[in-house]
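Consider the two complexes below, in which subunit A is the common component and subunit B and subunit C are the respective partners.
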Partner chain A sequence: MIEIGKVALLFSVILSFYTIVVSYLGYRQRLGYFLESSRRAMISSFALLTIAITLLSYALVTKNYEIKYVAENVSNNLPAFYAFSALWAGQSGSLLLWAWLLNLFIVIVIFQNRDRHLVLMPYVIATLAGILLFFMVLLAFFSNPFERLGFTVMEGQGLNPLLQNPGMMFHPPTLYLGYVGFSVPFAFAIAALLTRKLDSEWIVSTRRWTIFSWLLLTIGIVLGAKWAYVELGWGGYWGWDPVENASFMPWLTGTAFLHSIMIQERKGMLKIWNVSLIIITFLLTILGTFITRSGIIASVHSFGASKLGYVFIVFLVTSAAFSLYLILTRKDELRSENKLDSFLSRESSFLFNNWILVGAAFAIFWGTLFPVISEAVRGVKITVGPPFFNTITIPIGILLILITGICPLISWRKATLNNFIRNFLYPGAVFVLLLIGLLLAGIRNLYALMSFSLIGFVLTSIVMEFYRGVKARRRYDPNVLVALKNLVWKFRRRYGGYIVHVGVMLAFVGITGSSAFSTEKDQILKKGEIMTIKNYQLKFLGVDQFRTANAEVLSASFEVYQDGKRLGILNPSKHYHPLQDQTMTEVAIRSTWKEDLYLILGGVQSDGSVFLKVHINPLVSWIWWGTYILIVGALIAMWPGRRPVASSAGARKAVQPDKAAFDLVENES
Partner chain B sequence: MTTYPKIAILLLIATGLLWGTTTVSQVEKELMCTCGCTMALYTCECGRSEEMRAEIQQMINQGMDKEAIVASYVAKFGEKIRSAPTKSGFNLLAWVTPFLALLIVGVALYRLLQRWSRHQPEEPEPVLPPERQDQYVKQLEKELQEFEEGEIS
Partner chain C sequence: MKRKFVIGIVVLVSAFGFLFFQGLDQSMMAYVNVQDLETHPQQHTNKVIQVTGIVQPGSVQLVAAEQTYYFVLQDLEDPRSQIRIVYRGIVPDNFKPGIQVVVQGQFQQDRGLIQAERILVKCPSKYEEDA
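Moving on to the complex of A and B:
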């Protein structure tokens, strides 16, 4: 089994390299059968990687300790589903998952485009195969998941207890799907640069891939936040760890890209900017992996310092240099006539949106790398942690909310001042009313005041958009609900986008509420004693002690009352994992739309008293609900419509195109 | 950790609640945990973080303020124990650069957009009688509708 796995990886290296060569030659020499061969090579490589990942998963679930990776990441009493999730708990397993997903996406791209994009596809496949080759080289020669342990053990080291949480079953794969997904628009951009087909074709053909990757990255990030909230037990969901930052940066630039491509599609502008944005987004996804695996920046997510970091840096620098070379050598073709009909236009507001999103990405990038800069310049190690990022990103976040509200109020091409003021009226009124209301309610936190009022402004502007759309639509569909359904369904991208904005705003409500108004209290409690925090009363009932498959558990029981009304029992606990000699804090949360009551068991004394820490985190559940709405919006925006009919004779012959077909398509373009 | 030191820690924290204005939660936001987890102290729940909180409480009880406590940790562990860089000297760069970059790019973008939207001499708009305008408005709406439907699907 081990040998089959190793051979599969090795053959996949060869096939990736082969694909790059035959794709290139096939395109240069106009040899259709070379291109067909490159496609088959990638499909074969996918089959091999599927065998490899199945073998490793099987080895993990059956606890085959002959394999070093298995011995390091599972143990005899680990339940099967956690044993399976150990596939992405360690370095080489997660690299294998990454490579497998990438190869899966390559196969999907091949099948999606069998009769389309004849000129772009050879280089798209070559670029994707190049990225795959990098990961395959890592897997085959630097971090092989099938490496033998070399001696016999009866028990593995087990899975890190922090990872034994259902959230961890989904957080890394979802994040990887997002990361890997961005390789597809990146590959199309590189292919467009290489073939000098620099119109909007590469953007239009990867629009859904971009939304898909962005959506998965969003879900991955939120799942990570949720995991941190319930598993790390400190009362928060975002710790500005370098790896959290590394996932947030491509999200920000990817969001900027999703907006700015609309300007290229409509006006043919910003070609250099869009190509650069997707290249930066892709490089940031690799940077995230580099940070996790190099040990260059201390992070709670790191797999430990390793040689892999150097290989990653070589890949990063090479990819960046190659991309830059392509942009510089094609800058004349990328140059577009940049003309706006008016400064006050949707185009300008999108560019300001890009300015803020990329500015935020830069601020986080700067903060994440500043320790390295400080060490290089002053020789002094420093830490750039949560207080820095909170200070820097809160004002930028508020600016972002503002621009999200202003964008839909401004028409495409040219907005007249009258039209702008008319659109501004209701959202502006809501902003002022909310501001006054919040001030009267006693809120004095400036950031919270601005944030909540601006969110009201944004949501009203979106409601107005729907109102106007439905009103216009009722000429065709008199029924309001039918009009609304048809409006959203016929203009999926636009209204799906607005629904995403609603989701993001609700998440901002949660972020603002929980950041600005959380309260905490700690107390030592004897059995029967009551702790009071705000309008909650927590009566300590006692401690239970029991064993689970992996851990010894101390579980405290608290009867919870709110304003004297009994709400139920909460059980925060401590789990001691003997195999890893680690104690985990399992929090107990009572969540409502208004606030979360969050209990942390600090410790249990021999006399049975406990040290209890309690947080009241307002509006946290809005973050999760906002995400659900965002998912619905993104799915609507990316839902496929009618597939365009192949536009040329050449494209129809793309399955095994000949020279004439190539020439025909190239001449058309 | 055995039971006695734990009780001592808890008692220290409990008694500390009665002391001056500096609190453990204020100080722990300024420091990193030293257990090697690379997390800020207030986000860490390990054994070492519990000890650190107790140490901090002890220092508060001795009358030390936030700055003095942080300084004592910096003297012991170096600057990396601070959860954020100081706002002085070279470290000031960390704080200023993002805003400076945002400002410079913002001004540049504003100027760029002004240049792009600089008006060409406007042609006089043709004037049509209202009944003919209606006809064109209807036609325009119909075509826009068709255009958008074709575009998104």
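Moving on to the complex of A and C:
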């Protein structure tokens, strides 16, 4: 069984290499059957990888300790559910998942585009196969999940208890789906550059892939934040850890890309910018995988020891150099078809939004890699902590909120001052009223004041957009709800986008509230003693001791009162896992829309007293709710509808697709 | 029209640059091992730094009444290089004697110790040294 897995990986290496060669030759020599062969090679490779991943999952669930990866990541008493999730708990397993997802996407792209984008497709497949080849080489020669242990063990090392959490199960695969998804628009961009077909076709045809990848990346990041909040037990959800930053950077550039492609579709501008953005986003997803898997930031020394790191660097540098070469040699064809009409236009607000997002990604990039760079350049390792990231991202975030609000108020091309002021009236009024209200309520934190008031401004401007749209639609649909439904459904991308903005704004409310106004307090408590924090009273009732399937538990009980009213019992606890010899602190959280009461049990002493740390984090749940709304909006925006214009009727009628492709090429040259 | 864009970019870039360097200024910290600290103590006197080392087995003491930990951090390679650490608070779950940690805190040369504000232990995910 192990041998089958190894052979499957090897054959997949050969098939991806074969695909690159054959699709290149097929395109150059105009050989239709070569292209057909390249597609079949990718489908076969997918079948092989599916066998490989199934074998590994089976080995994990049945605890086949002959395989090193299995012995390192599961143990006898681990439930099947978590044993399966160990597939992405270690390095080679997660690389296999990456490769399998990528190959799955390649197959979907092939079937989606059987009779579309015939000029681009050979190079799209070749590019995707190139990325797959990289991962397959890693898997087959550097980090093989089917490597044998070489000796017999009766018990595995087990899954890290921190990863035994239902939310954590889905965090890595979701993130990977997002990462891998960006390969598709990237491949289309490279194909557009190679074939010099630099109109908006590559953008239009991958629009939904882009939204899909962005959505999955967003969900992955939020799940990670939620997991950190619930499981890591330090009181927060975001710590500017290199691994967190690694996923946030492609998110920022991906967000910029989502916005700027609209300008290219509409006006044929920003071509170089868009191509560069998707290339950077793709490179950042690879860098992210590398940072997460290699631990390079935590210790540069671990890097030298691992060959894997060099392979990653070689791939990153080659892809970057190749992309740069393509852009430079096609500079003239990438020139804008139009000019910006005015400073005060929606186009320029998109442009500002882009600069800010890319600027944020840039700052985070330097902050994250600073220790590595300083050590390489000066020999002294210097780190930058969370204050750096906060100093720079908080003002950037507030500026972004402002632009989100202004954007729908300005018209395309050139806004007249008159209609700008008219549109500005209500949102501006809400901004001022909120600002005064918050000042009267005693809030003096400048950033929080700006953030909350501007969010009010943005939400009002979005509501007005909906209001205007519904009002116009009521000529056809007198019923308001029907009008609203049809409005959103007829212009899914636009109104889906606005709903995403609403979600992001609600999340910003939570981020602002929890970062500006959280309080914490700790205290040693004897049985029966009461701790007071803000308007809460926590009465310590005592500690219970019991056993679960794989842990020994110490659970403290606190009776919680708010302004003297009893709310219930909270049980922060310590779980000791004997197999891994590791203790886990399980926090207890009481969450309301206003604030989270967050209890951490520091330790239980011999006399039965406990050390308790309490955080009050205002508005945190708004982040999770905002994300739900964002998901709904993104789903509406990407819901399939009419086929994109790019699939011309002529191409679809063609009986022999590959022949039609060459006709197209011929017509153009 | 073009001038407005130029002004916009200049304003944006300079504000950005200001924040960038101000942020760096506020949060740059030297990251050293215990031996570095022993050989050049004056460089780090009363500064907040990050020191990496191994929690010396048998050195960890918890004064429960103050929830304060006292332990000795020894150099990764040379166990004779040592520095005392004082930390009040909750230690990470995987903190135990004999493991590698990063201690962030103020180096008080006169007292010969580090008043720690944060203790970081290696990440939960399994990093493999060599493939």
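Just a few scattered comments:
Throughout what follows, the second predicted complex is superposed on the first by the 637 of 669 C-alpha atoms of A that agree within 3 Å, B and C clash if a C-alpha of one lies under 4 Å from a C-alpha of the other, contacts with A are read in each partner's own complex, and residues count from 1 in each chain.
Methods note: a residue touches a chain if its C-beta (ideal position, glycine included) is under 8 Å from a C-beta of that chain, and two chains touch if they have at least 3 such contacts.
None of these values were measured; they are calculated from a predicted model.
Aligning the two structures on subunit A places subunit B and subunit C in clashing positions.
By the touch criterion defined above, A:G236 reaches subunit B but does not reach subunit C.
By the document's definition of touching, both partners, subunit B and subunit C, reach A:V384.
When the two structures are aligned on the shared chain, A:E520 is found in touch with subunit B, with no touch to subunit C.
Look at A:G603: by the touch rule set out above, it reaches both subunit B and subunit C.
Once chain A of one complex is fitted onto chain A of the other, the partner contacts of A:Q91 are limited to subunit C, with no touch recorded for subunit B. After overlaying the two complexes on the shared chain, residue contacts for A:L162 are found with subunit C alone; subunit B is out of touch. Contact with subunit C, but none with subunit B, is seen for A:E72 once the two complexes are overlaid on the shared chain.
Contacts of A:K307 after superposition: subunit C is touched, whereas subunit B is not reached.
Of the two partner chains, subunit B is the only one touched by A:G641; subunit C is not. Under the contact criterion defined above, the residues of subunit A that touch both subunit B in one complex and subunit C in the other are 233, 241, 298, 302, 340, 342-343, 348, 352, 355-356, 359, 363, 366-367, 371, 380-388, 391-392, 396, 522, 524, 583, 585, 600, 602-603, 605-606, 611.
The touching residues of subunit B, when paired with subunit A in their complex, are 3, 6-7, 10, 13-14, 25, 29-30, 32, 37-40, 42-45, 47, 50, 78-85, 90-91, 93-95, 97-99, 101-102, 105-106, 109, 113-114, 116-117, 148-149, 152-153. Residue ranges of subunit C in contact with subunit A, taken from their complex: 1, 4-5, 8-9, 12, 15-16, 19-20, 22-24, 26-32, 50, 62, 64-65, 67, 89-90, 93-94, 104, 122-131.
By the touch criterion given at the top, residues 72-73, 89-92, 142-143, 160, 162-163, 233, 241, 243, 292-295, 298, 302, 305-308, 340, 342-343, 348, 352, 355-356, 359, 363, 366-367, 371, 380-392, 395-396, 522, 524, 582-585, 600, 602-603, 605-606, 609, 611, 613 of subunit A touch subunit C in their complex. By the touch criterion stated above, subunit A contacts subunit B in their complex at residues 232-234, 236, 239, 241, 298-300, 302, 338-343, 345, 348, 351-352, 355-356, 359, 362-363, 366-367, 370-371, 374, 377-378, 380-388, 391-392, 396, 490-494, 520, 522-524, 583, 585, 600, 602-603, 605-606, 611, 641-642.
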